[in-house]
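Following this line, the structures themselves.
Next come two complexes, and both contain chain A; in the first it sits with chain B, in the second with chain C.
== the complex of A and B ==
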């Protein structure tokens, strides 16, 4: 394609990307380096029912308004919010390093900080769930593909159900089933033989529950992609493998998987990104006491009575950086493949 | 009986029509607010006005949308139904207007105690009061010969006896879900121990104190008598446990007292055994371990004067005194409206007011403190860190947030 043609061909996409991707990112970046102005306080008398009058502190609106008009963007704080306790917490991590004698004590202190606590769960979730859902997706795809033609449609439908259910609803349903008075929960209590046994009260089991949910929800996506790939399997290669006496396992290992490799990369890329943004199950399972994620922190900053826009923007920028780092190995490999081909 | 009902209904509808015909508005009204029954009633009353469109958005997520919905000019919402904590949030951003002139013109039906004045200006009109207080199963306490707990210490004793007698494994309930609910329970007990959230006259945190440590230890002791899932139980889940007969003692909102036994699936045992009492004290203190709340409505700042007047008239129609003659409406809340006769469900809140319960703090930075408490307490209650560490974490999280919002240097 000539450069000129390519330019005109690509222009609409580029404009849309500028509008819907680049501008929001610039806006988030800006909001993360500006914070609201210093509040000016005044003492006022409040009178309320059943209590009477008391003296309280309130924001002085006239003084605040003139500050706001002078600098509508707010107060420039540079990277202060990035480095505060709610985010990278440089001071606190430094103190933990200086004050801790052992690695355990150091990490204990670091994981007590909100961002690192969220990262520990987010990364564990991402690196446990992504490989598992690829393996399960492939297994389901192989199983469905070997079924009789008439059964296939029905099985595909049922295999896709977990993905069709809205994540929040899916996790809520499981949440109530797993409640210590729910179907699965009371079965587990009977199995454990301990009337006080509770999945939701244990951090470890909550993590397991969230990851099982993650695999359950995302495996159908991998299944659909791999199933489509299986339809393009080279028949003659498979036949020659069979003639050479390859077992079913060997066929899968040496013919099917190499054929599906580009799709595995694709699924891994998408799911790494998705799992790094894990959010709905934490809300659905009411789990923030045990597990938080970067997206949950953003939600929490925006959803409090007092909205913290700057803090939420900073976490958003850190999430973007995190996704970029996660995807870099896969992207570098794709780039190398591209270079070799051209 | 049937005839009497028909006559009553006829009288009621006559009353309603006279009230409706009295309410004529000349500009748009748009209401945002929470969704519990009393607020639904107020919203319906406002929507009965004719002459212009009245829209209402009553949702549990009102806190997330009222600020953005009132920041524009003209504002999307002309009125927000608020409580102590949320009025401060709107005031922080200067989104509500003083109502003195409108009160003088159209506020004839208001009692002076309904006016929320800040710095001498009426900023909101209150219509109901609320507080958390004790609810309990009188049948169980009577059987065991236990007196109604007046303090958290007595609540623990009662719970121990109920467990020892094998009646219930986890007799105490509480809205201890990590987040807003958990922080509110902390606030109650903390104030009961005489704590104050901030150093006097400043935005500096003050929870890492003896009162703070006592509070956490009390919460830990209480949690040992709760369902092990307590960190996921909000008010709704706690009430479900109570209605199912799984718990016998709980600190719960007065606004939920009337519906406690009327929901679907409540067992007869619970219906007959349900009783309420005033809030409990803690640690031998005289101040109840609870907070006093009011709910009321505001008028937006960024709207035309005509819209403000229409909004005021419509909202006044939502809280008119003749509504207090309807038994169903009367039981919905502890109304502050003229002509309200307290029902049995109101005992707890009135007791709270009589005992000198502290109002929920109305300072600009309380929202951030509440959020920090809700996020940092769970580790302590799970036994992962000490009380001192949890309180230090709360203060550090609050300081970081308050610096960002410009409340601290």
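== the complex of A and C ==
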């Protein structure tokens, strides 16, 4: 295809991505180094006869407005927002380092800072849920694959539901069941033998609940991919393994899993990126008191009456850096594939 | 392969069946439970007195004279005017799917038919864009949208969702078009067609399976999105998902949880139907990237 033709075919989609993905990234970068204008103060002298003169400081509304209109981005502050308490909090971390005697005390203080608190949950969620959903998905795929043909279709239908359903809605459905008055919740209360037992009350249990949701939501994806992989299993290799006396477990370990390995890598890479943006379950489970994520912080800063664009932008940039680190192995892999092809 | 060697010992067979049943319950029971419970009153749906109430509908019978009630649906659809949000979702999904398929097909086709090196870099750029969490972009939209006075309306959200959709659409359609033999449009060009005519008369008639699969995923993205729609739509223009999220704040205090339950079920039913009819396409779409890569 000639360059000219390519250009015209590709223009609409390129424009859409440029205007609404590339520019916003630049805009987010810019906003993260600008802070909103402070109000302009003027000193007003009030003179009353007999009493004398007093000077008062008042907000000059006209000047403030005209300043905001002239420079809607705000004033340039460099990397200040990155280092403030709501983000990397260098001062606070430094103080915690100087003041704490043990590692435990240090981390305890650091994890009370909003960004580190969110980061600790986001990373724990990502690196606990991803391996679990791969193992779980593989187990479902192996089990469903051994079923009767008719049952397979039915199982695939029901298995797709947790993944296809809107994340917020899926987490709400689970949340209502796990509520201490919900069906599973009250069963747990009965099991625990403590009428005040609640999954929502403790940080640890909230984390477990969110991770259970994460596995429930994403395991079907792993299942479908692995199930497709099982259909192309090399029959002759399995047969010769069997003739050599391999047990069922050995067949799975030495034939099936190596065959599925490229798919495992694929699922792991996709899910690492997707779990890193965990957000909707925190809203659905009403869990911000116990668990926050990077995406949730951005959402929280942007919402409400005061739209804190600068703070949200800074967290966005930090999140994008995190995604870039997670994405780098994928990019390297794609680059190698490309070089092999050409 | 002999059948006997493949036969599983009884214990293993039972373990497999047990596991499948367990997964079936995990996957399906929450939905069945919520659909069933949405026709009850709150006291039955949440086991205040006794969890068997939800099966017998004791409190529902006490309140409405029969074990099932549409009060939750009436409350959300009529009283809270949930139908407006349903309508907004329909509009958003329809236009997002149409627009993103139109421009995505052109772009994906161009990528699959050009052999220059820049196609690789364009695909890499799309991959990076695909990895961006949409919420990180939202802060960048706010200021310009307020300046131009386009914040809060449906068209803006549609365009943003189309753009966010593009990277994935391009990857899917690119790999799909690569499977259509190049000779088809080459021969049309030899016969005197321009590239666009070749696309129009030769490729369009055979591209529908791939386009439908991609369209399903575009639809799901637009339908399921919460981060962008909740931030970019004003209160009167909300789609279903942000509206349900907004319910939570008010219903918990007013004791109208059943409105939210009914709205949640209403928003899930279209997805049920979608999976029922397009199961094969969804599965093939999910595995397309994996098997290729």
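Convention: the second predicted complex is superposed on the first by the 280 of 342 C-alpha atoms of A that agree within 3 Å, B and C clash if a C-alpha of one lies under 4 Å from a C-alpha of the other, contacts with A are read in each partner's own complex, and residues count from 1 in each chain.
Quick note on the criterion: a residue touches a chain if its C-beta (ideal position, glycine included) is under 8 Å from a C-beta of that chain, and two chains touch if they have at least 3 such contacts.
What you see is a predicted model, and the numbers here were worked out from it, not measured in a lab.
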- Winner by number of chain A residues touched, once chain B and chain C are compared: C
- Does chain B (first) or chain C (second) touch A:179, or do both, or does neither? both
- Which superposed partner A:19 touches (first chain B, second chain C, both, neither): second
- Task: Return first, second, both or neither, reflecting whether A:329 touches chain B, chain C, both chains, or no partner chain.
- Result: neither
- Task: Considering only touches as defined above, state whether A:131 meets chain B (first), chain C (second), both or neither.
- Result: neither
- Taking the superposition as given, does A:39 touch the first partner, chain B, the second, chain C, both, or neither? first
- Message: Let me test your reading of the model: by the given contact rule, A:84 touches which partner, first (chain B), second (chain C), both or neither?
- Response: first
- Thinking of the overlay built on chain A, is A:307 touched by chain B (first), by chain C (second), by both, or by neither? both
- Between chain B (first) and chain C (second), which, if any, makes contact with A:286: first, second, both or neither? both
- Message: Give me the intersection of chain A's contacts with chain B and its contacts with chain C, in residue numbers.
- Response: 179, 181, 286, 302-303, 307
- Query: For chain C, which residues count as touching chain A in their complex?
  - Reply: 1, 5, 8, 12, 16, 19-20, 23-24, 26-28, 30-31, 33-34, 45-48, 51, 54, 102-104, 106-107, 109-111, 113-116, 120, 122, 124-129, 131-133, 135-144, 147, 159-160, 162-164, 166-167, 169-170, 195-196, 220, 223-224, 226-227, 230-231, 241, 244-245, 248, 257, 260-261, 264, 267-268, 271-272, 274-276, 279, 282-283, 286-287, 289-291, 293
- Interface residues, chain B side, partner chain A - complex: 63-64, 67, 84-86, 88-89, 91-92, 94, 113-120, 126, 129, 169, 177-179, 201, 203, 227-232, 246, 292, 294, 336, 353, 359, 362-365, 367-368, 370-371, 375, 378-379, 381-382, 385, 389, 393, 396-397, 399-401, 403-407, 409
- Contact footprint of chain B on chain A as seen in their complex: 35-39, 41-51, 53-54, 56-59, 61, 64-65, 75, 77, 80-81, 84-86, 92, 112, 114, 179-181, 195-198, 200-201, 203, 285-290, 300, 302-308, 310-311
- Contact set on chain A toward chain C in their complex: 1-3, 5-6, 9-10, 12-14, 16-17, 19-28, 31, 72-73, 139-140, 143-144, 146-147, 153, 155-162, 164-169, 172-174, 176-177, 179, 181-183, 186-187, 216, 220-221, 224-225, 228-229, 235, 239, 242, 248, 262-263, 266-267, 270, 273, 276-277, 279-280, 283, 286, 295, 298-299, 302-303, 307, 309, 312-313, 316-317, 319-320, 323, 326-327, 330-331, 334, 337-338
